[in-house]
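Next come two complexes built around subunit A: one with subunit B, the other with subunit C.
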Partner chain A sequence: MNMPSSRRATPGRLAAISATLLILLSPFLWLLQMSFKSNDQILQFPPPLIFTPTLENYISLWHSAFSASFVNSLLSASLSTSLALLFGVPAAYALSRWTGRGKHSLSFAILVTRMAPPIAFTIPFFLFYRWIGLLDTITGLVLVYTSFNLPLVIWMMQPFFDTIPVSLEEAALVDGARTRTVFTRIVLPMVTPGIAATAILCFLYAWNDFFFALILTRTNARTAPVAVVNFMNYEGWEWGKIAAGGSLVMAPVLIFSLAVRRYLVSGLTAGAVKG
Partner chain B sequence: MKNTSRTSSITRRTLLKASAALAAFPAPLIAQTKPFAGITLHGASFQHRFFTLLQKYIPEFEESSGMKVDLQLSAFPVYNQQANLELSSGGSAYDFVNVTFILAARWVAAGLLTDLDEFTSDPNLTPAEWNPKDFVDGAQVPYRDAKGATYGYSWEGGAMLMGLSRMDLMEKKGLKIPKTFAELQQVCAEINGTDGVAGITSFQLHHWNLPPYIQGFGGNIFRKPPGDIMPTLNTPETIQGIEFYANLLKSAPRGVLTYTEDQARQSLLTGRANIFIHSSSWVTPILLSEESKVKDTSRVVRSPAGPVHDYPASNSQGLGIPKNAKNKKAAWEFIKWALSPDISMRLVKEHGHSSVCRRSIITSEAYRKLNTVNGQDLGAMYLEVLELPAKGENYMAYRTVKEFPIVGDVLNKAFEQVATGQLPAKDAMNAAQDQAIAALRRAGTQL
Partner chain C sequence: MSESGIDGERRRFIAFALAPSLIVLFAVAVLPAIYLVVTSLTPFQLTNPGSAIDFSAPLRNYRLLPGDPRFVNSLIVQAKLSCWSVLFQVLLGMLLALLLNVPSRFVEFARTFFLIPMVLPPIVVAVIWKLIYTPDISPLYYAAQALHVTMPALTSSVDFALTSIVIADTWEWLPFTFLMVLAALQTIPDEYSEAALVDGASRLQIFWYVTLPFITPILVISGMFRLIDSVKAFPLIFLLTSGGPGTVTEVTNYYAYLLAFDTNEIGYSSAVTVVMLLLVCGISLGLVWMGRRREAMA
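Coming up: the complex of A and B.
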């Protein structure tokens, strides 16, 4: 079978793809190669392209407080993502099936918390958390991230539910299924790509957050992005550790995204064509 | 016999009574020896070698005092952000904090710290041998208010010195160590490019590197800080300083305007640049560090004097107690211990840590022995520069007023325009002056 000419890999196309990849991946590759260099090699000018790689940066990270921060990040991001999905997906379904007046106003109101920049909420959160003793706790972080991710889940999931014909659910109900069964057995499996895409975005938001973690944590709940900054010491920056920390911070998101890649593309593009 | 028996009986009874009395009041007796036993002190600072070393000794303090110390160390910007928020919102999470040099004046002026004179003036709280006057006066200036009350004691000092990595090259060319700005300019220009060596190196914090040149020509950042904070960025003296420093950097490695301190130090340590003028702890590694490839050809000296003033920059970091701290007296015990002559000397002797601020330590024989390299008494130079802001005019006052960060940012941008040739110094600084005034007014400053 002949491929259409528009899909053939011509040298020009390959060059364009390679150039694009190079531009896109070069910051990542640069960071990665730095993580295998000593501070001395990193600061050399011109930078050596051929060098003896060292695992020293990763080993010292493993033995430092960074590992605890990494676990804190994993906990706060995964718990907040789970909570946001747990509450957000049924809420989106309810909103999708609700036909009453005020539906659009309610949808808009839900999104309001995502409109203001995080800094607007940081100080109130800080003062409130100090009052109720949630400063520097994973619970505190999870609650903040959940409150920011919940509107995102509702807004992202609602169009997915809109695309599922109500007649499908009605047929199941006629067959004797309960409402909860209809939701869990029929509707949810059909929106799996959407849930995957939404989960990634929620996880990314919580995982990459720096600002809330900076203000609301100290040492016990310090997350990985803040821990990376901690290698910028008064007496000098530990470039190797910063690079190793940066590379490690990227890893879970990369692994998670690859694991749900199948759903991710269809999930993210679904709204565009089905809207 | 009777007597003996009676005596024995009384003794037993007395002993029993005494035991009962002791059993009834054990806690107060113990508490008298360790009045703060059971307290957990919460303190915070940015990461610094001083605290890394101090942490090795903290178990001794905990054992002797019965207290626990929870010392939270973060990166410099992270700490400043968190501590600023905690203190300015009236928090009581910390019992002691680092009083960062650049924040000291605003924290003191805003009443966020405890007056430490109430502790040092009480002989029950501070023994005479602790001697608050032993702290180098210049290093203490940022931690005093207008009335002279003290809100912090310095644990670290930074004094601007000049490091020269390639004296061999200079001698070959018949050049002497520069003592004035003019000589500095000449040496940098003549060395630049010789044997692949740049004349001078520096880094991107222009608002730290530049002011000594501006002040050297008789200018300043503000008219008369801390009282009069009208910016003076376009005076002829300031413009002269800007032009001089921009010219100096023509002898620096390419990309110097974006160099970090690490990169600048590295270029000095590897002999890729001949001169670096910065705080002593960044410059002295050319003589002291294992990494240095120029140990045999290096010198560390006083930075050159300007035609009007000789104002090398200096700074210090202090320990203080927040106004709302829960355990003030206990925190004072910790500060007293951490900055005691004994701990300071141990840091010097056991770890070679030299940037302490106690005069008795810096002038001690042990310190001098450890900090004299190739016949150069680094401690004497460090002390001399650290002292200067307390002698006569406090020329470092510009750096600790709360308006400095705003004006400093404007200065940074203006200098980059001049150094990259985008604008002549006069035009750039006239614009900078207007921008600084507008930015200060926007921030609510009365000028």
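Coming up: the complex of A and C.
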């Protein structure tokens, strides 16, 4: 078949694509290469493009308070993801199977809870946490991230449940199985890929958060994104550590995004609607 | 077991499955929203204990807003930032999608890498651009120096500070519009452009009369998403300009943050946030309504 001229992979076009990609990614690559440079190399002019990479930035991070922040990030992101799934997956199933009136209004209301800019939640959460002593705790962060991710789980999972024919469940029900058993034994195993993709997106949202962590934590529960910014202090910016810290913060994101590439669009657009 | 027995059990299960989520969402989304509105009716300052429950002049904060030059300025800054970055993201995203809309294994593989800026943690994006905008260390300034071009200090200049935010925000979110447009392009049957080609249409004509009408809805939708989302540029502003110089890049979101967590004006900040919230919801609902009307007309 003859492709129309506007849709052909000519060498010229491939070169243009490669060049665009290089330009687009160069800021990101610059940070990455900097993380493997010593402080002297970072300040050299012109910047050496070929150099002996060093791990000294990463090693000094490992021995600093940054490693605790990294663990805090891991803990708050994974705990909140588990909780959001625990609450959200059954709710998504219920919404998918519920045929009554008000279904769409309810779905929309759930979505609206995340339309607000984060600051709208931060002020009440900050005051409340201050009152009951949840400021600067992992529990506090987990609670915010769970509420933040719950609508995402419900919205991401509902289409997965919609694709499972109700007749399949009815057959089991007629055979005397209870709805709960049908849900856990038949329906859930069928949506495992969806759950995995949703879990990764939830994890990324919590992992990527800067705003909540900035305001709701100080030192004990400080997360990695906030810790990176703390390397920019009044005594001077430790660019080597900033670059290495930044690279460490983005590492899980890059790995996971590749894994859920197919679901990124629906996840991100759901996030976008929630503003 | 009778038919209605199954239905009854099913209904109970649905209610049981839905209830925890609704309770959680009520507790952590609806209650805070109500609390925010309540706080906005008080002159609450953290340093002034009685102020949290002082409802003697409930609308005072809202009366102050129109006369507050920083608030008015912040709305204008946000409007500028949103319009320019949405415009660039939609245009460049479309161009990129047109460039990458070719059937090729290599291109399919490369597409994933085009998405990187969007999935990076926002604070890492901010760090990356801080790096590029900091003269001592920036590859941009190195290049300028090598070419003997004098670069102005971008983030601290009144003229360029907002532009530097727009550039960084465009870089971060361009992949989003690209992805959306690419998905739309791939639904266009090849026969259309082939037929046009046979009829002797130029490539520009094909784009204008065949491709563009096809992707217009998705351009509008992705622009809408980005518009609603553009109030979330907080990490970029926080790290690159801190709202400055002066208030040149101080968006409403950032102003509300400073009020609450820098100057402790919790009550007033809540009022600013409530107004911002209403504006965002209003714009979102307006866009949804417009979208419905378009659909109804089509």
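The criterion applied here is as follows: the second predicted complex is superposed on the first by the 224 of 275 C-alpha atoms of A that agree within 3 Å, B and C clash if a C-alpha of one lies under 4 Å from a C-alpha of the other, contacts with A are read in each partner's own complex, and residues count from 1 in each chain.
What we mean here is this: a residue touches a chain if its C-beta (ideal position, glycine included) is under 8 Å from a C-beta of that chain, and two chains touch if they have at least 3 such contacts.
Note that the coordinates shown come from a computational prediction; the quantities given were computed from them, not determined experimentally.
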{"item": "Which of subunit B and subunit C A:229 touches, first, second, both or neither", "value": "both"}
{"item": "Partner, of subunit C and subunit B, that touches more residues belonging to subunit A", "value": "C"}
{"item": "Partner chain in contact with A:219 - subunit B first, subunit C second, else both or neither", "value": "first"}
{"item": "Touched partner set for A:9, first subunit B, second subunit C, both or neither", "value": "second"}
{"item": "Partner chain in contact with A:257 - subunit B first, subunit C second, else both or neither", "value": "second"}
{"item": "Touched partner set for A:181, first subunit B, second subunit C, both or neither", "value": "neither"}
{"item": "Partner chain(s) touched by A:45 [first = subunit B, second = subunit C, both, neither]", "value": "both"}
{"item": "Touching partner for A:124 - first (subunit B), second (subunit C), both, neither", "value": "second"}
{"item": "Touching partner for A:239 - first (subunit B), second (subunit C), both, neither", "value": "both"}
{"item": "Touching both subunit B and subunit C, residues of subunit A", "value": "43, 45, 123, 126-127, 214-215, 226, 229, 232, 237, 239"}
{"item": "Residue numbers on subunit C that touch subunit A, as the complex places them", "value": "1, 6, 9-10, 13-18, 20-22, 24-25, 28-33, 35-36, 39, 96, 98-104, 106-107, 110, 112-124, 127-132, 134, 136-137, 139, 142, 145-146, 171, 174, 176, 179-180, 183, 190, 193-194, 197, 203, 206-207, 225-226, 228-229, 231-232, 234-235, 238-239, 253, 256-257, 260-261, 266, 269-270, 273-274, 276-277, 280-281, 284"}
{"item": "Contact set on subunit A toward subunit C in their complex", "value": "1-9, 13-14, 16-18, 20-21, 24-28, 30-31, 34, 42-43, 45-47, 87-88, 90-91, 93-95, 97-98, 110, 112-128, 143-144, 146-147, 150-151, 154, 173-174, 176, 178-180, 183, 204, 207-208, 210-211, 214-215, 225-226, 228-229, 232, 237, 239, 242-243, 246, 249-250, 253-254, 257-258, 261, 264-265, 268-269, 272-273, 275"}
{"item": "Subunit A - residues contacting subunit B, complex", "value": "39-40, 43-45, 123, 126-127, 130, 135, 214-215, 218-219, 226, 229-237, 239"}
{"item": "Interfacial residue positions of subunit B with respect to subunit A in the complex", "value": "44, 46-49, 72, 74-78, 81-82, 85, 89, 91, 93, 253, 260-263, 265-267, 272, 281, 291"}
